[in-house]
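Okay, got some structures for you below.
Below are two complexes that have chain A in common, paired first with chain B and then with chain C.
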Partner chain A sequence: MKRSSKLGLAVVTAATISLVAAGCAASTTGSGTGTKASPVTVTFWGSYGNGGNSTQQDALNKTLIPAFEKANPGITIKYTDIAYDSLLQKLTTSAAGGQLPDLVRADLGWVPQFAANGVLVPLSGSMSDYKTLAAKDYAGNVSTNLYKGKYYGLPLDTNTRVLITDQAALAKAGVTAPPATFADLQTMATKLKGTGVSLFADSGLGAWNVSPWIWSGGGDLTNPDETKATGFLNSATNVQTIQMLVDWYKAGLIPNLITGNKGATGTSDGLPKTKYATIFDGPWMSGIWTGQYPKFQPTYSPIPAGSGGSISVVGGEDIVLTASSTHQAAAEKFIRFTQTSAFQIAMAKTGQMTVEPSLADQQAQLAPYYKVYSDQLKTAKSRIASPNQSKIDAVLTTTLTPAFLGKTTVQAALDSAASQIDALLAGN
Partner chain B sequence: MTALAPRASRRRRSAGWPAATTLRYAALIVGAIVMVTPFLYMLSTSFQSQAYVLTIPPQFIPNPATTGNYTAAIGTENFLLYFVNSLIVAVISTAGSVLLSSMMAYSFARFAFRGKEAIFRLLLAGLTIPAVMLLIPQFILARNLHLLDSLGGLIFFYIAGSLSLNTFLMRGFFASIPGELDQAMQVDGANSWTRYWRLAIPLAKPAIAVATIFTFLNSWDEYPIALTMINNSDNATLPLAIANFQGQHATQWGLVFAASLIAVIPVLIVFLVFQRYFVQGLTSGAVKG
Partner chain C sequence: MALTSTAGRATETSSVARPGRVSSPRRRRRFTLTPYLFLLPGVVIFVVAIIWPAVSAFQMSLYHWNVFNAQLSQWSGIDNYLTAFKDPHFWQSLANSAIYMVATVIPQMVIGLFIALLLKKKSPVQPLFRVLFYLPVVTSWVVVSLLFKFLFDDSGLINFTLHDFLHLMNSDVSWLADRWSALVVICLLGIWKGIGWSMMIYLAALQGVPESLEEAAEMDGANRWQRFRAVTIPAINPATVFISVMLVIGGLNVFTSVQLITGGGPVGQTDVVLTYMYTQAFNFSDFGYASTLAVILAVFVFILAMLQLRILRTRDGEELA
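Coming up: the complex of A and B.
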C-alpha cells in the first residue's frame, strides 16, 4: 500500500512537471527558440553536485530536464556540473574569452559582478513577463539580481543559516534546549570548557559567516545605502560581538577551522561526531547527514538572539542568461520552467529551498526543519550588494583572522576592514 | 707524536663513520616517514566510511574497513570515461613532448646556428612565467584555434607547456655525450637523424625517463587548464572528476581519497617502468678508455 502510494505520488509529480513544462512551451513564441526542424542546445553550468552526493544533480538531470525537453521538442538542455570552488574561476576565464554558456546558476553574490562586466542579459528588459515571475519570489532574493536599475536574473533557490545543535554535546554542557540567546551561549561556554567539545564551529570569517553574529548582536555592516562601512562595521557594538567570538576562540571553544585551518574537522563531520556543540548551516545538511550519518539527529533552531534579535543571512542562487548566448529565447523558456512550482518543489525535496513564499507550507510538509528556515528567512538580511562582494569577503577574512590569532585587537581589525570596504564600495 | 697523528686521525675517522652513517639513516628514515605518512593516511581514509574519517588521533588501520568508497568512486557516472580520457591525454602528451623536446635538445647540443643561445634563453624564459598568468591568453588562443572543449586542445597545451623544461634537461644530457661518438658515426656516413635516433636517444634513456615521468605526472594531474577549457563532461579528465567530489557544503574524504588512489595507479606504473634508468650511470660504457 505504502509502496503503491509512493509510486502514485511519483507518477503524479512527473505528470505535473511534464504539464507545467508543456505550459512553458506553449507560452513562448518567437524565432530561434528551438523546434524539431531546427533543434538547439542550451548549455547550463552550475554546482548542484554536493561532494559526491548527487541527489540534486539527479533531480535535475533525470527528472526535470527530461520533462522540459519532452515538453519542448527541439530544445536540449546540456547541464555541466562544476566544483563550486572552481566555478567562479571558470566563469571569469570564460567571460574573458567570450565563451560563457547560455545559462548559469550563479551564487547570488556573483550577479552584480558579472552584470558590471557586461556579460549578462538584463532579464527585466528581455523577458516581458519578468515582473510577474519576480513578484512570486522573496523580494530579498529578487533584489540580489539588481544592478544599476536593471534585474539580471531570477532567484533559483534560496537558503539561510540557522543554528544546528547536537543533543549529545548539549548534554555535556548540562542543557537540554539549544541556546536561544548570546547569554545562553556564554553559559554553555563556561560549562564546555575542558570537555573537549567546542561551543561553536564555522569554516571562515567572510560575510556569510560573521554577518549573522553582527546583525544579531545589534550592529550592521554598512549604512543603509551600502556606501560606507566606517562608523558601522567598526562600531562599539560590533567590537563587542566579535570580541565575544575571539574570547571563545582563545579559550579553545571555537576550533581554528574558522581561521582557515583546512585540516581541521569540517562542521558537517564535527557536529555529528560531538566535537562541536553548535554550528550555523543551511538546509542542505540534512541530505548530507542522512547519507553519511544516518543515526545523527540534529536539532534546528533560530540563530541565537543578541540585542539585535535573531537575524541570519540570505543565501541562494540565481539563474542568469549570458549576453553571448545565441539561443536566448530557448534559454528564457528554461528560466520560466525553473520558476514553476513543480521545479521548485522537486528541488526542495533535495534540500534547495523554494524562492516562492506561497510554496513555503507545501515545502514544510516535506521536512519539519524547513519551517525553521522559512521563519528565519522572514528576518534574514542580504549581504552587501556589490560587484566587489568576493573582495569584501577577502577583506573581512584577512583583517579578522589576525584578531582571532591575537596579533591585533578587534577594534583595529574592524577599523582596517571598514576602511578597505569603504574603498571597495566607492568603486561600485 | 707526528708519526702517530695519521693513525689517530684514521681511528677518529673510522669511529666517526658509523655515527655519520647512523645520522644519514636517521635523516633518511625521518624523510621517508614524512613522505609516506600522508600517503598511508590517504590509503587508510579511503577504506573508511565517512563517520570514521578525520578522527583524532589519526587511524592508520581502518576499523571498520570498507571498500564502499572504491565502489562508489568507480560507480560514479562516467568515472571510467574520465580515467580513459586522462590516459589518452597523458600518454599522447608525454610521447609528443619527449619526442619534440629531445629533437630540440639535440639540435641545441650538437648544431651551431645563428641565434642558438638567444633562442635557447627565450625558451628558458618560458619557465619563469607562472602558469596561472597564462590561463586567459591560452584560453583565447585555444578558442581561436578551435581547440576548446577537446582532448586535442589539452594535449596541445600540455606538450607546449612541458617543452621548455624537457629541452633544458635533455640538452645538458646530450651535451655530456662525448662528441667523438658523433664524429665516428659521421665518418661512417650517418646523417643527423641517424645520429640522433640511433646514438643520442639510446644513450639518453635516463634523461628520457626523467622527462617522461615529469611530463606524464604533470599531464595526468593538471587541473587549471582542464578546468578552463573543458565544458562538456564527456571530455573531462580525472582531476576534474575528483574535484567534483569536493562539495560546497561537505566533502566525502573517503571518496576523494579512493578516487585519488585509483588515479595514482598509472603514475606508479610509469614510475616503476622508468625508475631503473634514474639510477643508471649516464654515459658509462659509451666510450672505451
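Coming up: the complex of A and C.
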C-alpha cells in the first residue's frame, strides 16, 4: 500500500471514529452523563497490554479514547492496564474493598461469577437499546453474559480455537493438507509414530481444551439447560472421543504438557520447532510467531470434524459495568462506542477479533487467517455459564489427568467429573 | 528492660527540673506513660497489620464468605473446618509443606554452619565469599524460581548436562511432571537460597564463642572434633534454636517458588498449603475456606514453634530464643 493511501485510510478511520463517537454522544442524555459544566471520569480496567503488547493499548489510548472524549465533552475515560494473570485477583480484592472501576474488560468466563455476587449491573435492564446492540454480535459471545435470565455485559472482542499446523511436520507424516477429520488425524498418528514429532499438543485438560474435542466428537458437556452433566459428559460418545486422545497420549503422540508438565515445551515453541504437528489455538499466536519465529508459516484450518462436525469453543472478553459505578450513564455511552464498527475494526487491526459477524469480511482483509476464525465462530459454543466455571475446569483437569496417566479408565474419569459438576451446577 | 530504665530516668529528670513540686503517686504514674507512648506506633502497626487481619481471617473462616459483598456471607460455623479435615487435597498440601520443611531446614542449617566455620578463619577473600554465599538470600524469589524452572524444564540445562553432555541418563527427564521430582527441584531451590542466611547467623554466633573455652579444651587434650562438639555446639545453641524456629516457620509458609515453578501441578500434586489456599481464594473465590486453611496452618505452626522452643531448651532450663 502506498504511503498516501495509508495516510488517507488513517484519516478516513479517524474521521469515522469521530463521527461514530459523536453519534454515541447524541444518543444518550440524562444526569451523571458528564457535561462540560460537571465533567466525569469513567475508569476502565483491562488487559490489552498483556505480554507487552503496546499496539492494542496505543489504539485505545491514542485513537479511540481521544475520539470518544472529543465527541463527548465532559467525559474522560481513564484506562488502566493490568496483566491478565493478575486481573482476576485485582478485581476480587478491589470488589472486596469497594474500589472497583466503572468498566471492566472481563474474560467471558468471569462474568457469571461476578454477576452471581451482585458486582455487575444487568445491562439488559439498564440499557434500553441492549437488544439492538446484542443482535449485531455472535450469539455464542452474547450468551456468555447471561446469568439467571439477565445479560450483564456486551461482547467486546472474541476469539476461538482453530487447528494450526506446521507444514514441515505434515510432510513428516506424508500428508500435504491439514487433517480435516478425526479419521485424518488417526491416519497421521500412525505415520508420525517414531518420528519424534507429536501429533497434537495442548497445555491442559480444562473446558477450553477438551470442549472442541467433545463437541466435534458429537458429545456435550451438559444438558441444554446446563443443570446436569451426568448422562451427557459421561456419554459413550464422549468416552470414545477422550479415549482417542488417551490412546495418542499413551503412544507418545501427545506430550505430557497436556497433563500438567510445566517443564514441557509450550505450544508456541513446539509447533514452529516441528516438535508438534498440530495445536488448537487462538488468533493471538500470529503476533507471537511474527516476533519470535519470523520465518515460520503456520497453516490455519477448522477444527478436525468428528461425528458432531467441526465445533470450537468461544473465547474473548466482555465489557461489563460495575454496580458500584457512580457514572453509569457515561459508562454506558462508552459501552455503546465499543459496539460500533469503527471501534471494532480499529481493534481488529491490532489483533482483537470483532464480535460482529457483519464485519468479518472487512476483518479478513486485514489478515487472511481471520476468515478461518470467523467461520469457526459461526458454530462455536460457549463453555458452561456458571459462577463455578473455575471449579468445573479444575474438576475436568483432576479427573481426566489420571485417565491419561493410566491410573483409571476414561469412563470412570468422566463419571466422576459428571457427578462433581452436577453438584457445582446445583450450587449455581 | 531498657524502656523501663528510660522511664525511670524520665521521672528523675522531671523531678529535678521541678524541684519545688511534690510528686504525688498519681503524677508519677502519668509519667510512666512515656514508654508506652514509645511503644504505641509499633503496637498499632502490629495490631493493624497482624492481629486485625488474623482475627478477620478467623471470622471469615466461620462463614461461607462472600468477598464481593460481606453482608451476603452465610454463617457456617465449623463447616469449613470439617470440610478441611475431610479434604484429601488439603492433607496432601500439608504433607507437601511438611516435606519441604523437613527437606530444607536440616540441610540449610548443616551446610550453613559448615560454610560459617570455613569463613570464620581470617582470609583476604573471606568478605568476597560471604557476599557470594549471601547473594541468593537477597535475590528475588521470582527471579530464582523462574531460573530454576528453566534449568529443570525438559529442554533445560540440567537435562542437557546429564543426558546430552555426561550421558548419565538414557533420555531427558520431565522433572516437573512428577510430584516427587518436582518437589526435589523446589526443595533444592529452598536450600540453595536459604544457606546464606543460616551462614550469616552462625557466623555471628561463632564469633561470640569465647576463645578461652577453646584453649582450655585444647589444653585438656581435646581434638578438633571434640572441641567442636563440646565447646562450639553448646555455645552457638541459641543461634541454632533461633535458626531452626525461623526456618520451620518459613518452610511451612513456602509459596512463591511452588507457585512459579509448578503452579501446584501436575494436578495439584505439588500444592503446598499456601498455594492451595491461594487457589481457593483467588481462583474459586472461596475466601471462607481459604481463611480456614490459613487458620489451621497458623495454629499448626504456632504449636510446632512452641514445641521446638520447649524441646530445645538448655539443660539449665534457660529459654534460648
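Operating definition for what follows: the second predicted complex is superposed on the first by the 426 of 428 C-alpha atoms of A that agree within 3 Å, B and C clash if a C-alpha of one lies under 4 Å from a C-alpha of the other, contacts with A are read in each partner's own complex, and residues count from 1 in each chain.
FYI, a contact is a pair of C-beta atoms (placed from the backbone, for glycine too) under 8 Å apart; a residue touches a chain by one contact, two chains touch by 3 or more.
Please read all numbers here as calculations on a predicted model, not as lab measurements.
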Should A:Gln376 be classified as contacting the first partner (chain B), the second (chain C), both, or neither?
neither
Classify the contacts of A:Ala96 with the two partner chains as first (chain B alone), second (chain C alone), both, or neither.
both
See if chain A has more residues touched by chain B or by chain C, and give me that chain.
B
Contacts of A:Pro272 with chain B and chain C, given as first, second, both or neither:
first
If you stack the two complexes on chain A, which partner ends up touching A:Gly260: first (chain B), second (chain C), both, or neither?
second
Determine, under the contact definition given at the top, whether A:Asp85 touches first (chain B), second (chain C), both, or neither.
first
Name the contact category of A:Thr397: first (chain B only), second (chain C only), both, or neither.
second
What part of chain A is shared between its chain B contacts and its chain C contacts?
89, 96, 265
What does chain C use to touch chain A in their complex?
66-70, 72, 149, 152-156, 174-177, 261-263, 265-268, 279, 281-285
Residues of chain B defined as touching chain A within the complex:
49-51, 53-56, 72, 76-77, 135-136, 139-140, 143, 148, 224, 227-228, 231-233, 240, 243-252, 255-256
Okay, in this complex, where on chain A does chain B touch?
43, 45, 47, 49-54, 78, 80-86, 89-90, 93-94, 96-99, 101, 265-266, 268-269, 272-273, 281-282, 284-285, 288, 292-293
Chain C partner contacts - residues on chain A that touch it in the complex
88-89, 92, 95-96, 113-114, 117-119, 256, 259-265, 388, 390-391, 394, 397-398, 401-402
